[in-house]
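What follows is a pair of complexes built around subunit A, which joins subunit B in one and subunit C in the other.
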Partner chain A sequence: MGDRMEKKKYEQIVSRHQPTETRAQNAFIAFVTGGIVGVFGQLLSEFYVSFFDISTKDANTFMLVTLIFIASLFTALGFFDKWVSFCKCGLIIPITGFAHSMTSAGIEYRKEGPIYGLGSNIFKLAGSVILYGVVSAWFFGLLRLIIMGG
Partner chain B sequence: MIYLNSFLFAGFVSMLGQWILDNTKLTPGHITSIFVVVGSFLDTFSIYDQIIAHVGAGALVPITSFGHSLIHGALEKASEMGVMGLLMGMFDLTASGITAAIVFTFIFALFFRPKN
Partner chain C sequence: MTFQYNQVFVENAATIAGPYEAKGPLKKYFDKTFDNLYHGEKSWETAEAKVLEDSIRTLLHKTGKTKEDIDVIFSGDLMNQITSSCYSTEKFDFPFLGIYSACATSVEGMILASSLIDGGKVNRAIAATSSHNMSSEKQFRNPTEYGAPKPKTATFTATGGACILLTNENTGIKIESSTIGRIIDYQQTNPFHMGAVMAPAAADTIYRHLTDLNRKPEDYDLILTGDLGTYGKEILKDFMKQEYGIDISKNYNDCGTMLYDLESQKEVQAGGSGPVCSALVNYSVILDLLKTKRLKRVLWVATGALFSPTMVYQHENILSIAHAISLEVIQ
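Our next item is the complex of A and B:
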């Protein structure tokens, strides 16, 4: 634990003194890779519409599940971590990051047992997304109900 | 055209996240949480729906669409059930994604060992 904290501190210091060039490069890589994931999603969605003859809405759901499956599988196979550390937010911001965080937490903590290992830690990273998503959606939803009546 | 829009929007959101990551002390956990809240806020006034109409899947792939889907399902149910509908419909649209992520994670955690 102490080691991890030290490492975190070290990484923070390193990132603060990172030259702007690297930051511009990071931003560019994130832009391109994030964009590729977006285009891939659009292609997949249109493929499902024509292949399964379903509505765009359903095809989009299929598409998101496919991306989650791919991210989970590649994380389990071990090479998605490398992709994420290269693309950074290009893969963290799309839904692939959500699946990646869950699968990597699941595989990492599984050795601590099925209940207090896997069960307790599966949402270790994705939990905050769900928590703040649900609370904000509930709050904003309530606001809209009160102000605009639905 | 929709491909270009998808590329630009998904790329822009990712780049924004990367910019925040590199220039502030916020971690990826903070950024994804903030983006989800922003997504649900944008859908409060149906702005995100407009974005999806123009951008297509490029707007559904970033995590902002998770917040949008949460509030969208909640408001849809609320239109027929009132305040209780907010609670009933919250996970209507995101259920598939969350369930898929849980099931895949469980299966893969059973069969794969962590590398290093």
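Our next item is the complex of A and C:
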């Protein structure tokens, strides 16, 4: 840095020209759109219970698979990224976000072939979710065993 | 390091711009535009190489030159191993030198070409560059279909290919002087605010250029930075005044904010970026204004963030650089 301006002074200039992010608005949009996904999932689940005459547990699995399918299909059709840009965590946090992260990576790297492209990269974004999902599931399972006895 | 040149001129330039750039205010100044980001290719990477190839072909066509007329080409882009430059230039059989200064690559190429021409080593040289929004997103950020939300300070990599032919024959537009920038580190770590990363590099180069040549900002009709964006532009003006006591606000603009209509094209956030961003602006509208003598002398300061995702993940700072070149109309 030599005789140049100190970091702190430069940070002041940067922050003086920092735009304010519309956090409240983003949170509200995510809350509403995420809620809509939740309501849609619940309706699907109820529908599967009554239509196929299956248990709620089975219907929930069906519902998750349906949401994954819809998100992946919409990603492949090329407009789900625009929805994600708008809804942000409203679509990223539900299982739709997980499906979307895998499908978008799959589409992006298929040109490099089935092994070095698709196979190596499809978990590029979802890999962390799986790793830390498994680790935390194991940890909370252990806690449950210790506290509640299984 | 500042040079002044005696015998380097702009013969002509060519610009090919992508769909987002074609929606912007400079559409009529581009030689060609295209609608589909794949540009008839199978991948983003080959699309970018094809766009750059098209721009070189257009330049040869416009100037009536053949491959034997070109003594050397300097080309660089953002792709790893400067893929687009290699795969496009291969089609022409020119002597090739690959270069990299991120988004300051265009001016780096022009400085090198000008120095070879002024030194009498070559007669004609091309400086070329390209970038592609999708290939950059894929390499530096997330899969293109992911659509990850970005803050307002983020910039949008421009899509296109642009090249300029410099010559030792007087054409009326002279490469007057240039300043080679230094690598600057202002301890910035936010890859979504490249304007803040690059503004000190632009300021350093502008200051050195003006000091070395004993000039004032008013000696130029226009001072242009490459791709600082809406917020980086304000930071530069403020920083320039505070650090060096120089007021550039009267005749200063940023190419990143000129390439798009920032009001209607909200997807570009703070403006354009990428090596082709400032090249598209300068080789189209600015060159046109110089040719028609509505501008007499322009200082173009291309700004580059020497951004490596790996180093950012390892919590290292993002470095930046800016190279300046001055274009002048002579009588």
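Criterion: the second predicted complex is superposed on the first by the 125 of 150 C-alpha atoms of A that agree within 3 Å, B and C clash if a C-alpha of one lies under 4 Å from a C-alpha of the other, contacts with A are read in each partner's own complex, and residues count from 1 in each chain.
Here is the rule we use: a residue touches a chain if its C-beta (ideal position, glycine included) is under 8 Å from a C-beta of that chain, and two chains touch if they have at least 3 such contacts.
Given the structure is predicted, the values throughout are model-derived calculations rather than measurements.
After overlaying the two complexes on the shared chain, residue contacts for A:Asn60 are found with subunit B alone; subunit C is out of touch. Of the two partner chains placed by superposition, only subunit C is touched by A:Pro19; subunit B is not. More residues of subunit A lie in touch with B than with the remaining chain of the pair subunit B and subunit C. Looking at the shared chain after the overlay, A:Trp138 reaches subunit B, while subunit C stays out of its contact range. Within the superposed three-chain model, A:Lys88 lies in touch with subunit B and with subunit C [touch as defined at top].
Shared-chain residue A:Ile115: touches no atom of subunit B or subunit C. By the touch criterion defined above, A:Ile107 reaches both subunit B and subunit C.
Of the two partner chains placed around the shared chain by superposition, subunit B and subunit C are both touched by A:Gly78. When the two structures are aligned on the shared chain, A:Leu125 is found in touch with subunit B and with subunit C.
When the two complexes are overlaid on their common chain A, residue A:Phe98 makes contact with subunit B while staying clear of subunit C.
With the contact threshold set out at the top, residues 18, 26, 75, 78, 81, 88, 103, 105, 107-108, 111, 125 of subunit A are in contact with subunit B in one structure and with subunit C in the other. Residues 12, 15, 18, 23, 26-39, 41-45, 60-61, 63-65, 67-69, 72-73, 75-78, 81, 88-90, 92-95, 97-99, 102-103, 105-108, 110-111, 118, 122, 125-126, 128-134, 136-138, 140-145, 150 of subunit A are the ones that touch subunit B when the two sit in their complex. The residues of subunit A lying in touch with subunit C in their complex are 1, 4-5, 7, 9-10, 13-14, 16-19, 21, 26, 75, 78, 80-85, 88, 100-101, 103-105, 107-109, 111, 124-125. Chain contact summary for the complex, subunit B toward subunit A: residues 2-3, 6-15, 17-19, 21-23, 25, 28-29, 31-33, 35-37, 39-41, 43-45, 56-58, 60-63, 65-67, 70-71, 74-75, 78-79, 82-83, 86-87, 90, 96-98, 100-102, 104-106, 108-115. Interface of subunit C with subunit A (complex): residues 42-43, 138, 142-149, 151-153, 185-187, 193, 196, 200, 231, 234-235, 238-239, 242-243.
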